[in-house]
Every structure is written in structure tokens, then in C-alpha cells.
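Read from first to last, the chains carry the letters A, B, C and D; within each, the first residue is number 1.
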Amino acid sequence: MKLSITAQLDYTIRDEADVLLQIEAASDDPAQRVIAGKMRVATGSELHPVPVETGIGRRTWTRGAGPFQVEYAASVEVERSVRDIADLGTTPYAELPGEAVPYIWPSRYCQSDQFESFVAQQFGALTGGAKILAMADWIETHLDYVPGASNAQTGATDSFISRQGICRDYAHLLISFARAAGIPARMVSAYAWDLEPQDFHAVTEVWLDGAWHLVDATGLAPMEGMVPIISGRDATDIAFMTIFGRADFNAQSVRVAKLD
Amino acid sequence: MKLSITAQLDYTIRDEADVLLQIEAASDDPAQRVIAGKMRVATGSELHPVPVETGIGRRTWTRGAGPFQVEYAASVEVERSVRDIADLGTTPYAELPGEAVPYIWPSRYCQSDQFESFVAQQFGALTGGAKILAMADWIETHLDYVPGASNAQTGATDSFISRQGICRDYAHLLISFARAAGIPARMVSAYAWDLEPQDFHAVTEVWLDGAWHLVDATGLAPMEGMVPIISGRDATDIAFMTIFGRADFNAQSVRVAKLD
Amino acid sequence: MKLSITAQLDYTIRDEADVLLQIEAASDDPAQRVIAGKMRVATGSELHPVPVETGIGRRTWTRGAGPFQVEYAASVEVERSVRDIADLGTTPYAELPGEAVPYIWPSRYCQSDQFESFVAQQFGALTGGAKILAMADWIETHLDYVPGASNAQTGATDSFISRQGICRDYAHLLISFARAAGIPARMVSAYAWDLEPQDFHAVTEVWLDGAWHLVDATGLAPMEGMVPIISGRDATDIAFMTIFGRADFNAQSVRVAKLD
Amino acid sequence: MKLSITAQLDYTIRDEADVLLQIEAASDDPAQRVIAGKMRVATGSELHPVPVETGIGRRTWTRGAGPFQVEYAASVEVERSVRDIADLGTTPYAELPGEAVPYIWPSRYCQSDQFESFVAQQFGALTGGAKILAMADWIETHLDYVPGASNAQTGATDSFISRQGICRDYAHLLISFARAAGIPARMVSAYAWDLEPQDFHAVTEVWLDGAWHLVDATGLAPMEGMVPIISGRDATDIAFMTIFGRADFNAQSVRVAKLD
């Protein structure tokens, strides 16, 4: 599937501030090819990309003062074989490679250690991919998708109690459940085709049978049209933009369209 | 300084369990050279080292069942130039390299976002290394070193309130304060010469003027005799041993002696 | 039902300490009559009873130093008409009397405000006593009774996540759910006939149709044999003993036997 | 001092809702005499006062639908002898009367148990009223008064870390410190003469030498012009208005003027 992606961020920075952007389609995800991608700040601020040391994607530093508009446009060829993960097995801890280990622990928003009893009780009879799919189903069934119900402090334990949230919260819960069951899990920001309303999306990657596999606990967009941006332990690592100073929001839009 | 290091861990694993060991002196820390290092499990369990993707050190997977004794012995040449960091400057966010970025955010035990007002109030007049040294002083002055006062759930906010803790808690506080001031900071486990009583130690690394610098907020051991093992965002990443199953503690000892 | 009750507490107080005892069968619970009740401290420390300002029961101050043994013995006539509460209605907020109001808010261990969505989602179709019974059923079904799984810091949100606890935790959850649904609820410590193993018990009282009604979310003992001691907002108010100093536990026993 | 008090609350209730008002000058505070006091809802909704079981003040139930305006006007004679509490002593636990006991425990917003080490470290050399005054000074010195820095979830531990808050947060901290030192403390809402800007105020009462004594950790208004409304364990019990349903804020004003 060939997709056209545009993202526009429009803020006003009071004084002056450093800014971290994480909005480019990942060029190191084997399931997608970025044919053309261009990010620019309207004021012409220089962009300094830096690599992420783990996972996929990259980060870009820039600076702003006053009006701050960012535009990103890309066309991406996605060939995500959406295989059913139900038959994939859990890798024993002692066989996990270095790249999977950071994703077995609890993290800031994913307090997986607190969910061990619940996960054993609820999903103990299943293993591997079947377990992950049951977890995603449970989350989709028991959570209401309520924009505004969560904020930057909300973690998986909060969402488990409030039973409300957005894509970020669904992902945090699935990551927490997976890790509590000994399955490495990380968070991935993504552009998503056919997501309504169009916005940045957040999904989950789980490590099964020696590879990462994408899962979307919200079920809001088809897996074939997912375009990962960057991965991390949880929302901490993958915010699309961080302004290190005071700023006001003006407008923001994301558009993902099918080209063929 | 040439040091002889031995560590012995003696546990009994009920049933069978995967185990992650992080007790080898780091061979990729530029300030030390591991002349000879040998880790073995008494039962002869195979060891599977895996790299850490960020920072220094490596992890080793193994398995155990029943009596589980680990022995590590090494001789290490340390040439840690203990420069005074007081004159080192803070690197602006937008100039941070990829390797420093993961250490600017809050993490599981280091809720740095909650300390921003306090840090501005208390240390706002200082910058760079002088700020870090003032933070370390504040922590050493205001905390009591009380073994048993904290546990695996204790984070920096808890220690800030209780005013008690051990090396782990001192490090978590310093990391939180540093990040709240825009200075990347990470946690490092270490062997420490002249530490009383002898034990695994935990210290902090801060990013100043383009490099990582070790700081020990406890002031309990001389910096020249520090032998880093592994680094991470906080205690989550660097536990010396994780047994993924039920186990009982029998005995444990660490010895660091000067050889010349 | 006529019951014989004895409770024995055996501690050693280091130095000297004030002690608060809350172990006498309530003499102001209309469903029971304390025929004879006697509490004494082995060392002969004076007892200073003080009233509770809300709810039932009373508190007793005393002091101890060194060996500290308390013995309480009573015979109590209980005539608890165990009516089915299923048909009782919820009292609208604006019709609640002063004595019920303190029990509509969240309290230290009962974070009822966080459960509002869950309670609406799960129990929204029911009202009054039927709702309370469904909540008690849910708790009994979803929690495992695991001594040692909780401690003095554990609140309802923790138990909701861990799905484990003891009578105290079951009561905290039921209180939280009830308050989240607009039904005043408080905690009651009690002696319980036919409870295995014998121990102090904790149950819940809910305000329905103008009166308090006992409910036991654990289902571990028959309601007819409950002998309330004292009521409060949550475990904070009703601990059977508080020693304001350091002390060591030696032994403790509770016995409730049927006399006729 | 004779004071004229008016308070006006203007909200719009979506649908219909029960409302709890706690805005009348307490008629049972021995230091003040309510000469004339009148509360009314513009729509003429009936008012149902209910007593508080502990402390001072009373609560009033009413109902609203759509526009909801409340007006309270009173003239109050205050004769608060503002004695220096520095010489008052701490009452030993075992001599506390029933009315003081509920205020020795941690409560929802006042996690006093977590402050015991800090309080011993910082204020351990002092006792009684002198200790309370030192605590109030510490709070006034270390906190910045920042409207908007806290919300309905903010407790004393949060304010201790953030070092910011409003009168409510100052009171929660003082209550927590006092209880951690074994001094019963409760929260009191009040009208305050010479408070800028004029608003509902929150202060603290501590139990010293057998009586409650008002203390204002903010130091923002003179003690002689304080007119208590209602007391409770913390902000949970004393909110000036609770609307049990959805409502929008329109306007609100408080005026306290000296009459002679």
C-alpha cells in the first residue's frame, strides 16, 4: 500500500525554546520504505537529527521562538504482512536477545509488576500470541475510548481503574499486561491510514518467536496501513513533539491518504 | 589503581527459573581495563551474555534450579581521573547527542518532572557541574543513610519525603534533580573500593560538556576506586541479579581489594 | 444467638508507649447486647475509654512498657435479623442525614472517585441493595483471599489491580464501589462466629433506605454471628490496637464460640 | 471585631443535581457570634441543613437545575483572642479526648505517616506550640503561593515535592506535619478579613493543652478576622460547594468587610 502522509503542527513559543520532533516515518522499519520524506520548520530553524539507540526511528532537535510551525510530508510504501500472531510462542527469558531485554521491566507508565496476579488469573491458560490477542480483546472490551479522560500523568494502573482512555492508554495497558506475562513489549507511535479522526496513533509491539509484532489494542485502524514513527518503552520516549519551554497550541493536523 | 574484585551470590531457587546477572566489571568503560574476569555458576549452568543497547556493561542470562551459587572474580586496572566537575557546563537540549536523550525524561523511579519547582527554587542560581555538586551536597545533608528504609517500590519522590534511604535512593534523587534541571543523568551500578560495609554500590552519571561524569551522592567511597558494572535509566535496568521465579536468599558477599 | 468472645494480644513494647485499643464489642449497636464484657492489661495499666463521635463503638487509651498483654472477654447476645437487602433503595444525596454524609467521600484507603466509570460501566443497571449485592459478588469472584498480599499501605486501588487481599481489602473495595455509586459506606471491625481461621474480621456497612446495613464482601462468615466492635471511614479509624512506639509481636488469638 | 460577610456562587447545572453547601459562618465556634445570617438559592430551592457530627459548622443540602445562584449574607461578631501558642504543650496521646482522636491519623490528603522522619529531623528539638509555629514558618518559607499549581487530587506529599500551592495545600502540609509529630490537627474553612484577593480561605486547627487553636500557615490574613465555616479531616470534608452532577462555573465572589 502506498500512502501519502502530511502532518502540520502550529504552536506559539513564548520566548525561545529547544524542541524535539519525532514525527518522521521510520526509515529503519523493514515493513515500510520511505520514498520521499521532508520535514521543515516554517521559520527555517536548522534541524539536527540524532539516532535512537534502541528500537526504530530517529529524533530531531531544533529551536523556536514565537510562531512555530512544523510541516512534514512523505510518501511511504508499506508492505506489512499482517500475519495472525495467535500461533506464535513466548520466548523464554533466558533466550531473549539484548534488544528485547529493556522491554521486560516495568517503566514509568507501564507498572507491569502490579498486574502479575491479574494477568495470571485472567490470561493464565493461554500462551504467546494467543495470550496477547486475548489481552488486546479484554482491553478493547473493558475500556471506553474517551478523548480527554487521560493526561500526561496517566499510567496503566490509572487506566485499568478508570476504564477510560485514548490510544496511548490502550497501548500502556497492553504493554503492562504483556510484560507481566513475561513477553517483551514496547510502544510505537505511528501514522495510521483509515483512522477516524485522523491523528497521531499509538500502538504496541510484542516480542514473539524472535521478532517484534505490531498489535493495536484499540482496533481503530487496519494493521496494513500502519506507518511506525519511533519506538520506546512507553509514551515517555515517543512524544511527537516536546517544547522545552512555554508554548501555546494553535492548530495541528495529520492526514494519511492512499495513493494507489 | 589495580583492584581485585570478588562477588558471591548464594540463593536457593524453588523449582526452576531463568536468571539475569549483571555483575561483571564493564569492559567498555574507558576509565578501566578488565585484566581478568571470570563469572561462573556452581551448578555449571551455561551463561549467555547479551549486549546492552545503551550505556556501558552487559547482561548475562542463565538458569537455575535448587541451590544457585554465582561467583565472579576479576582484577581491574582503574585510571579514573577524578576531575573537579564544578566548571563543566550544561549542554543545551538541542545539542544533546542521541546517546544522552533517553536520560532527560522522567523514568520509573526518577519522577524528575515533579521536582522542577524545587530544583529551580533551590539550585536555580547555579549551572552545570556546580549545580550537580550542590545537588549532591543537598542530598548527602538532608538524607539519612538507613538500610532497610526503602524497598523495590521506593522512588525518588518517596525518598525526598522520608529523608531516608541507601545508595540506590541517593542516586535516584540526584538523577531526578539533574533531569529536572535539564542535565541528562543515568544510574550506574559499581564495585567500590573502600566502601564500608562492602557491597554492590550505586552511583550517578551526568552529561556535562559532551561526556558522562560519575558522581556519588552518598560520598561513601572514593571516586578513584569506582568500578562501573552497568548503566541504565534507574534501578530498573541495573539490578545485579533477577531471578524470574521464587527463590530464597542464603548469603551474599562482595570484596574489593587494592592490589598495588 | 449467644456468643462467648475472647481476644488475647501479646506484644513487647520497647521503652514505653501509649496504646489505643479498639477491641470491645460495641455496646451501642442495636442488634447486639453485651451481657458481660471485661478488658484488662496484664500489667494493670489504667484504661481510659473515650467515645467515638461518629458511628458505633468506643476507643480505650492505655500505656505499656515491656511485656504488654491485653485480654478481653465478653458474652454477647446477637439478634441480627439478616434481611435480604436486595429490595432496599438508594437514598438521594439531598435526603442523607448528617450521620451518613462523612461516608460519601473518598477516604485514605477508599479512593471512590477513581472508580466512578468502572462502577457505572459494571453496575449501572442496578440500584440500591441489588447494586451492593452485585458489587459484593464481583469482589468475591475477582479477588483471591491471600494473607500477606497486602499491608498497611494497601488501598482499594491497589487491591483492584492486584486482585488479592484479606477482609480489610475486600471491605475497602466494597466501600469504594458503593461511594462511587452514591451510596454511603463505612467500615466495621467485628468478631465473627464461624470464621476460619478465627481472627478479627472487617466488614462493610452501607446506608440504604434510611439505615445502616452490614455486608461482608468476603462471604467467609454468617451474618447472624457478626459482633461489631467499632466503625469508621476505613481501616484508619478501626485498627484493633495501635502502639505509639516500637513493639514486637509475640502472639495473638481470637475465639468466638456459640453458647446456646 | 464586627464583620459583614457576603458570598455569591453562580453556576449552571446541566440537567438536575443535588448540591451540598458549606458556606455559613459556624454558629458553634465559641470565638464568634453570628448576629444575622441568611443563605438562599435564587430559584427558591428548599434548604435542608444537617449537623456535622464532629467539629464545628453545619452542612446544607439543596437541589438545582439550570441556573444555580447561591447568596449568603451575614454579620458576625468575632472575639478571637489571638494568644501566642508558643508556650502551649503537646497533649500525650493517652490523654486525648474522643473529639481529638480522629485527627491523629493520616487522611486522604494528609499522608502524615510519610513525614515522620522529616518532622523528627527538622523539628525534633521543639515541642507543642513552638513546634507548630516552626512548622508554619517552614511551610511559608519553602512554598510559593501559586494559584493553579494544585488541583482536587493534590495532597500534602505532592505539595511537599512541588513546593507550590494555595491555602488548601499549605493547610494540608501543616496538618500532616503536626500529626506526624503526634499533635492532632484538622482543617477549617473560613471567611477571612483583609485577605487579598478576597476568597474562601483554608486554615488549620491544632490540639494543644486541651483545646483547638487556629493557625494559618499562609500568613495571608490576620487571625483576629478569621470566621470559621466548618471543620474536617482535610479538604474532603469542607468544600464550600459540591454539585453532584455536571455544572459550569459562571462567577463567584466573597466579600468580608469590617463594620466598626
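The working rule: contacts are C-beta pairs under 8 Å (C-beta built on N, C-alpha and C of every residue); 3 or more make two chains touch, one makes a residue touch a chain.
Note that the coordinates shown come from a computational prediction; the quantities given were computed from them, not determined experimentally.
J.: When you check each chain against chain B and chain C, which touch both of them?
T.: A, D
J.: Quick one: compare the interface residues of chain A with those of chain B and tell me same or different, with half as the dividing line.
T.: On the two sides of the chain B and chain A interface, the residue numbers are mostly the same, over half being shared.
J.: In whole angstrom, how far does the Cα centroid of chain A sit from the Cα centroid of chain C?
T.: Inter-chain centre distance comes to 45 Å.
J.: Would you kindly tell me how far, in whole Å, the mean C-alpha position of chain D lies from that of chain C?
T.: About 29 Å, centre to centre.
J.: Would you pick out the residues of chain B that each touch at least 2 other chains?
T.: Correct list: empty.
J.: Touch graph of the chains shown: is it line, ring, star, complete or other?
T.: Its topology is that of a ring.
J.: Any two chains that touch count here, so list every such pair.
T.: Going through each pair of chains, those in contact are A-B, A-C, B-D, C-D.
J.: Spell out the part of chain B that touches chain A in their complex, as residue ranges.
T.: 18-20, 48, 50-54, 58-59, 61-63, 92-99, 101-102, 105-108, 182, 236-237, 244
J.: So in the complex, which bits of chain A are touching chain C?
T.: The touching residues are 114-115, 117-118, 121, 142, 144, 149, 157-158, 160-164.
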